[in-house]
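Listed below are the structures to be examined.
Next come two complexes built around chain A: one with chain B, the other with chain C.
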Partner chain A sequence: MIGTGLSHGGERGRAVAKRLSAARFRLLAGAVLAAAALALPLRAAAAAPDPMTIVKATVDKFVGILTDPALKSDVSARRQRLKDTAAERFDFAEMGRSALGVHWRDLSDQQRKDFVDLFTRFVEAAYISRLESYSGQQIDFVKETNDGPDYAQVNTNVIQPGADPIGLNYRLKLEGNDWKVYDVTVDNISIVANYRNQFNRVINDRGFDALMSDMRAKQEGLDTSIAK
Partner chain B sequence: MQASRTTQFIVGIFALLGIAALAVLSLRLGKLELLPAPGYTIYANFDNISGLKQDDRVEIAGVQIGKVTNIALDRDRARIAMRLDSGVKVDDQAIAAIKTSGIIGDKYVSIALGPGDRDLTDGGTLRQTQSAFVLEDAIGQLISSTESGKGTSAKEKK
Partner chain C sequence: MKRLLMTLALVWGILISPAVQAQPAPGLAENPPGTNPEEGAGMTETDPLAAFNTKMFWFNRKLDDYFLHPVATGYAKVVPQPARRSVGRFIDNVSVIPRFANNLFQLRLKQAATEAARFGINTTVGLAGLFDPADKWFGLKENRDDFGLTLGRYSVPSGPYLVLPFFGPSTIRDAVGRVADGAMNPMSYLLPWNITIPATAGEYLADAINYRSLNLNLFEDVDRFSIDVYGAVQDGYTQRRAAAQRTVNTDSLLPKSQTP
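Here is the complex of A and B:
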């Protein structure tokens, strides 16, 4: 039947068919080009800046706050600025969740929220005094490694006069369009892994509530000592 | 007197049984695995596996759940393959750490389970790892920190 149709149309049929397919081809080509033209700039705008740049910007912010003469006298304002800068880049919720390891699965939503709040305050208290002892050491940005499109690590060295440099590495995860730090390693020892071992021991021996009260006591003790 | 067919047959069976028993015994003693045990393989990349060997234990909470089946180089990192028992679930946020049994004992891989939404399947890779503790590095750091400590106290005395 198809054969009959073609032979029926003959020369005129074939000419029409040719014109139609040429027009369709042009339409298709135009559509493809338009789509490509639209897609290209969108992809470029959507690409997140690279992790190294982001970490460098955060470290520069920290150094800026720590060396700002105007803030030297106002300890609480400086601390708040440090905490705000940390909150921008460090995903404390993810760090806390990872630090609890397998025990996270057993917690209720309220326990999880309470833990993350306490963990954030605890880590801030633990590291604020270390940040404040920064005395102008040079920080070298050594390299960036990528582990697939969503994970990266930025390696830095903190140069200490008269001692070996400290290797400070940041592990980042792409969340939405922003890179967030989910772990920090100091001389290749992961802070999250360290907490996971400690918390695991406490929870197995004495339970989650004991961990919370231990952390609360530690954090309050730290806050009191650094307030002096 | 020539042995009957039946006798020869029975002797043959016993001989085969004896050879089979020898084969099983030597395989067991040699710890060869002809038939792969049921289980699955996962991978982990480390900066330093110093001292870890093939067949070293993989543990969770001190209980052996597998062993190291392959060690290879992936650019500038070490990539190890671990064969885990089939019933064991390891989530993708577990941390694999290389530890030493005692102070100068064998190395083993200790896995600390994570909050894991997803469990690893055959061929999966653990992203977070903790490299081997290298005694020489720690001693080096101790020496350099003691020296800088000495320097400071010397200045303070002046």
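Here is the complex of A and C:
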């Protein structure tokens, strides 16, 4: 009796186990599906890592290019690599539009396009000539602050031996799924705001065309000085 | 003419307080993070004194071209950089009083205490201020401060942008602040004016040359990357001061209603 009971119990047990396992399986399948469903937005979020990681990746890339011995002799290849890396992370069009301030709305579409093109080349040239003076300075990532879901700032310090560190902060905006830098502050001076004051003065004094020709001259000067 | 120039020099001598530059330590001043670029789009700086300022800006540039930069370059060739940094620290250390007093005026008690401690440590262990063990060993950082920022903390508006001959960018309020900071120099009470004024002027000059020698590319860099140098300097000064004021207002233990 005991044995049959046991065997019976065993059969029941197996049956229960079978049902249980079926239930478990359904549960598991449900869980997997739920996880997959959950993972969809999670994966979307994972496509935009935190701003600090993103800035660090870009800075590491710059340092990698600048310290690559193979690129040391090939200046133009190195410049192209720097330009490409900058274009991935910096929204030059947004910077230019913002730097024009109130004057943007007075421009025709063609003028806006010309301005953004020239401004991009000018800022690239300025940025690259700054980068090329890099000589192994240590860069400390200080902190990241968020302002709402779409805006963030990453603070870094450039440590230079025998001088005070330079505070270099990146301001980022979430565009689609990607963080883009729309402004940089150097020792608490916003570069975009600084150009806005310059551009405003030139436009008010001498007009938009004068600004364009001044900027073109500056950009060409920077380009030749880098090429050297 | 010569007399006028001398009088002018004397007047500016009184206004002198060495290198009262409000430069917050990087990362200390809180920028409002991620401010929407749209917000600032309409912001432009006003400059009602532009006619005067442009002339003074030009004058200062010439002064730099023909005097300060060549002298600083020569000085940098003769004196090695660590020594020049020590000179800068020495001058900084002796001008502790305005920093301490303004920190106190603003009820930045921790910062005032830090300044006092820094002075004590650096004057003794730091060999009369030539070195900065207060920062290096104890992590006590300098808290730059001036009377212009104190006025700002008590809601005095900065007034128009003003370029001072010899001293460069300022505002009406910050120029008044300079006079006040200069008057806090204890030397002006202990010694007769005919010693104090040349001595203060000499100190300012030494500091200016020393500072320039440590920043020989200062203007060259601004020139290289600017479309309009005057506008770049004006905005740079304004933004830096705003950041310094934010630091002061954050630290200050005065009731918040005082904040502009």
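One rule holds for everything that comes next: the second predicted complex is superposed on the first by the 181 of 228 C-alpha atoms of A that agree within 3 Å, B and C clash if a C-alpha of one lies under 4 Å from a C-alpha of the other, contacts with A are read in each partner's own complex, and residues count from 1 in each chain.
Basically, a contact is a pair of C-beta atoms (placed from the backbone, for glycine too) under 8 Å apart; a residue touches a chain by one contact, two chains touch by 3 or more.
Bear in mind that the values here come from a model prediction, so they are computed numbers and not experimental data.
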Clash or fit (per the criteria above) of chain B with chain C on chain A: clash
Touching partner for A:53 - first (chain B), second (chain C), both, neither: neither
Chain C versus chain B, contacts on chain A by residue: C
Touching partner for A:214 - first (chain B), second (chain C), both, neither: second
Partner chain(s) touched by A:197 [first = chain B, second = chain C, both, neither]: both
First (chain B), second (chain C), both or neither touched by A:155: second
Contacts of A:142 with chain B and chain C, given as first, second, both or neither: second
Partner chain(s) touched by A:126 [first = chain B, second = chain C, both, neither]: second
Contacts of A:189 with chain B and chain C, given as first, second, both or neither: both
Touching partner for A:111 - first (chain B), second (chain C), both, neither: neither
Where chain C runs into chain B (options 94-102, 166-174, 184-192 or 220-228): 166-174
Touching both chain B and chain C, residues of chain A: 98, 101-102, 104, 147, 151, 162-164, 171, 183, 187-190, 192-193, 196-197, 200
Sites on chain A touched by chain B in the complex: 97-98, 100-102, 104-105, 147, 151, 160, 162-164, 171, 183, 187-190, 192-193, 196-197, 200
Chain B to chain A touching residues, read off their complex: 47-48, 91, 93-95, 97, 112-116, 127-128, 130-131, 140-141, 144-145, 147-148, 151
Residue ranges of chain C in contact with chain A within the complex: 23-27, 29, 31-38, 40-45, 81-82, 85, 214, 224-228, 230-232, 234-236, 239-240, 243
Chain C contact footprint on chain A (complex, rising order): 94, 98, 101-102, 104, 126, 129-130, 142-143, 145-148, 150-153, 155, 157, 162-167, 169, 171-173, 182-183, 185, 187-190, 192-202, 211, 214-215, 218, 222, 225
